[in-house]
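After this come two complexes, each holding chain A, first together with chain B and then together with chain C.
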Partner chain A sequence: MGAAPAARDVTSYGMGLAAPLALFFLVFFVAPLLQLFWLSLHNDTAGLHWGLGQYLHFLTDPFSLGVLGSTLLLGAEVTAVCLVLGFPIAWLYQRVGPKLQTVIILIVLLPLLTSVVVRTFAWIVILGRQGIINATLQSLGLIDTPLKLLYTQFGVVIALAQVQMPLMTLPLITALGRIDPNLDDASCSLGAGSWRTFFRIVLPLSLPGVIAGCTLTYAAAITAFITQSLIGGGQMLFMPMYLYQQASTLQNWPFAAAISIIFLLAVLAVVSVFTTLGRMSRGYGGA
Partner chain B sequence: MSGRKRTLEAISFELVMTVIAVIALLIIIAPSLVVLIVSFTSGFSLRFPPPGYSLRWYVELSNAWQLHFAAKNSLIVALWATGLSVVLGVAAALAISRSQALSARLLDSLFMSPLVLPALAFGLAALMLFSLVGLPVSPLTLVIGHTVVCVPYVVRNTVAALAQLEPTLLESSAVLGASRLYTFRRIVLPLIRPGIIAGAFIAFMSSFDNVPVSLFLRDAATDMLPIRMWQDLEGKLDVTIAALSGVLIIATVALVAVMERVTGLSRRLTN
Partner chain C sequence: MILNRRSLMTTALTLGAMKAFPGLSFAQARPLVFATFTGSWEEAHKAVLVPAFRKANADAAMVLDPMLSVDQIAKVNAAKANPPIDVMLHDPGPALVAVGQDLVEPYPVEKSAYYKDLIAEAQEPMGPAPFFQVVGLTYNPEAVKTPPTSWADLWKPEFKGRVGITNLNSTLGTGWLVEIAKMRGGSEANVDPGFKALEELKPNLAAVAANPGALATLFQQGQIDISPGNFNAIQILKARGVPVEFVAPKEGAIAFKTTIHIVKNSPNRELAFKLIEAALMPEVQTTLMNPPYLIVPTNSKVAMGGEIARVLAKDTAELKKKFVFQDWKKINEQRSAWIERFNREIKI
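Here is the complex of A and B:
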């Protein structure tokens, strides 16, 4: 009795130290979410009549379903762009010396820590009617009138991809760093070309990083309220703004609660699909 | 023949990857540079390149009392939220980091969940609960809400730092007769301090930049900087915001440089 707990005591701390944060989360995180769920199960704003009316309203309303669909699609597009652009950065990172590695990491890291409003504002400057893209195309004589880039799906995707790129690139850098470089050499010396080695060896072995990056990027892209609303403008509505309008402008709390729950479930579903894939890929990578 | 083919093939691969990587890095860095350049414009619009250069919008910014007020509020809330996150988060990290118990794993998932759940939904939920129990929105509710979404960064970075701590160090210290508190103060804390600081830094930055939680949990008198900026941008494109963005970008670069020195921030985020 005496020796075992004493030996454990010196290297670990009691679970009691987690109690304050656990209590804090119970009161200010779990309880609010339960209350949100409770309110979503009511048909009236006062929360007196139980029912699934809010969910039925959402799931039978083509407009609401359209908002959900375009939000999920937006996440997929942003994640794809981030993966295609982020993977070569991680690849380059493994090829350069330590000095350049620090430079690459800091370039990737800076946007993550720069205010989202500032980063989004930058895209307004770039995509605007007098922005860089339009000014360049006009001075080259390629277009006469400015292209509409702001308030388009293209604009939202490219801006969100830049804003969320660090979330994709950092796990990829970690994953590629764990691959034994000998495998690359072995594959090449056995006659597989660089492209084949990349798609058959490097990409499969980096799957845990790809999946971690995709999860973070997807979750961040579909909830990125500021970038969606500033670059998308009034015509494009995504779930976060829809939720905010219902809650704040229309004061329809039960419906806003139902939107929140549906949105939460959608995010959780995507995250758990990615997590399951991640577990499978780890088995694959380890084998 | 085949050797030559392989070389060409290898070159094509390296070229494609390098070109995409460089383009991607440019896309990442360009927006900040563009804002910095535009903030020094002498004109009235966000035209790029600017017609001329001046510091007029920085002078304008120094007189923009609304933005100063909002920045002060954001700073105060971020400092309180970071402080609370460090106290609660480091204690929780100590408890869960070396435990294999199911309760520890579950707590870990609970403490990390604000990172993936939509913060706007949490903001609305917290507002509903506060109004149910009759707690009016105030700087206090803001600090509580911000702490929930910022504490995961402190927990994660502290757990990572603790995972690299050699258990034998703690055992040696105990064998030599040091009390647990003494060992914590003289051995554990100095070794995990960079991790705590890195976590606190990210928590601070994310609180200072938070919009979704603040939108629901602030009172009318408490204007927050990112919301003020967002609303200014929704209205009209004000060049003062470019000057403010310039200040924020430079402050971020400076802070990241300091943090890189103090905590090796870049290594922490790729391990």
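Here is the complex of A and C:
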């Protein structure tokens, strides 16, 4: 080996430390992904004939496109619910004493400490015909027959929002924590009301956290196979279940691979919209 | 031979590697691997089948590796020359896939002591059926006072919003649709009448579950009162105190053959045969028929008893009369089209 360089450039970091993880990703993520892509380029299930047939099938089929659309919409609904419910919690966290802060963090993290399956089963109990919601409404005399909550889009959105809530709240708490509290006081002393302060100061400055939270929640919500199938049931088809059906029940791997690639691209598109918004918000926040 | 530092080092490394990865040395040396199903199947096989096999074969080493049929097929497909599994267990649909992809060996029928005692439907030359799964009507006796007697009862107006079914991903869902089609004049090749009947069932449907396991949850939560269901799954629920009853409809209960196969190129062919023999043995099947397993036997020498005799069949003759077997070869041909159609049409 050659002699060591006389002076090391202290402003640049060596890539050596990242190499093990990079190698791991290369072998266990990039390689299977390429294999998946390779498989999706076949027209028959045995993988002998090359062609774009699987993609054409998906993209020209209104039903498949409908499944993709409803999955992306589901993600948007869950993200919106998480944002609307999660923001006040994060805001509150910055304005209470350390004891209450611990309580809030515990409440936020608690869902992460139980398995998704357990949380989803809890929602079956809550939303069921004889569940907590229906029992309460019936005993109050507000409804005569139980409402159908389980196996509906509404049920899936509510359950997913609760399951994914920590992914939204945690980045928001961090982002709101970085805002200098003096800015609030300054805004108020200059005559802005609390709503104006919120919309002109707090919200723009917290946008990086909002974007990060939305990206995480969105990605987690649309891929949540367990919650989607247990709360949504067998007749509400979202992309993960569609994929499972093709790959596992029908052994149609090329089509399943094409579905995955299309799903991946669709999600990447949505995420890149979020990141672009994030970049714009950084300029906004800095201005 | 001259020993230098380098050759010593190589030898040491090789020995070390063989110690660390014993699979490197000889594939032959691994124990017999039986891929059973997860859940109650694994429990039953661990408690009854494995001990019986080891007793008969001088404590031969064997491993249960429970996984779904599709995973078994994928794993064997990935290493056909040196498969990681010796014995596979399959539902009728996947069994035909495995046979079609040339993954299993014909069962050495002439060597077998028990094959000839199996009832005719269980004698499959590519892998016999040691057990049946039976699908009938499941209902909640607290809500349904007069027990149902026919598949047609699901359409009764009194069950408006109380019926549960599963989609066609499962053997149960597909088999049930075929049976409904048959009831209305269709067949394995023509399920159109079945889909029409499903359309008429919509007002009664409370839920289309993603898998048969989810149906159990729906019963527990009072979400549904009646559904097609698997005999064994219902017995497990019942044992846990859930108010459910099973009844064989008068059209006949749907019976699925669960077949057991020797994997092609298995390094443990002889032991694999011995394990399957153990599964066909009357003693093993009798034990598995009794509580808590309640698995329907296929060996005609087994005298039916207990819950199975009460709700299913008292003997082989009655069993043949009351069970309906389906032609899964025909079903497999069109199954993907049906799944697609079900996806599109069944929205409630």
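Some points to look at:
Heads up, the rule we're going with is that the second predicted complex is superposed on the first by the 266 of 287 C-alpha atoms of A that agree within 3 Å, B and C clash if a C-alpha of one lies under 4 Å from a C-alpha of the other, contacts with A are read in each partner's own complex, and residues count from 1 in each chain.
To be clear about the criterion, contacts are C-beta pairs under 8 Å (C-beta built on N, C-alpha and C of every residue); 3 or more make two chains touch, one makes a residue touch a chain.
None of the values given here were measured: they were computed from a predicted structure.
The superposed arrangement places chain B and chain C in clashing positions on chain A. When the shared chain is aligned, chain B comes close enough to touch A:110, but chain C does not.
Legend: residue contacts after superposition of the two complexes on their common chain; A:131 is shown touching both chain B and chain C.
After overlaying the two complexes on the shared chain, residue contacts for A:68 are found with neither chain B nor chain C. With both structures placed on the common chain, the touch criterion links A:194 to chain B but leaves chain C unconnected.
Touch criterion met: A:84 reaches chain B, while chain C stays clear of it.
When the two structures are aligned on the shared chain, A:122 is found in touch with chain B, with no touch to chain C. Once chain A of one complex is fitted onto chain A of the other, the partner contacts of A:248 extend to both chain B and chain C.
Of the two partner chains, chain B is the only one touched by A:35; chain C is not. Judged by the touch definition given at the top, the superposed model places A:267 against chain B, while chain C stays out of reach. Touched residues of chain A were counted for both chain B and chain C, and B has more of them. Mapped onto the common chain A, chain B and chain C collide along 235-243, the only clashing stretch among 1-9, 73-81, 109-117 or 235-243. On chain A, the surface touched by chain B in one complex and the surface touched by chain C in the other have residues 121, 124-125, 128, 130-131, 229-230, 244, 248 in common. Those residues of chain A lying in contact with chain B across their complex are 7, 9-18, 20-22, 24-25, 28-33, 35-36, 39, 84-86, 88-89, 91-92, 102, 104-111, 113-126, 128, 130-132, 135, 158, 161-162, 165-166, 170, 173-174, 177, 188, 191, 193-195, 198, 215-216, 219, 222-223, 225-226, 229-230, 239-240, 243-244, 247-248, 253, 256-257, 260-261, 263-264, 267-268, 271.
Contacts from chain C toward chain A in the complex involve residues 68, 70, 73, 97, 161, 166-169, 173, 206-211, 214, 217, 221-223, 335-336, 339-340, 343-344, 346-348. Taken in their complex, chain B has these residues touching chain A: 6, 9-10, 12-14, 16-18, 20-25, 27-32, 34-35, 38, 45-49, 87-89, 91-92, 94-96, 98-99, 101, 103-104, 107, 110-111, 113-114, 116-122, 124-126, 128-129, 132, 144-145, 147-148, 151, 155, 167, 170-171, 173-174, 180, 183, 202, 205, 208-209, 211-212, 215-216, 226, 229-230, 233-234, 237, 241-242, 245, 248-249, 252-253, 255-256, 260, 265-266, 269-271. Listing the residues of chain A that touch chain C in their complex gives 63, 121, 124-125, 128-131, 148, 150-151, 229-230, 232-235, 237, 241-242, 244-245, 248-252.
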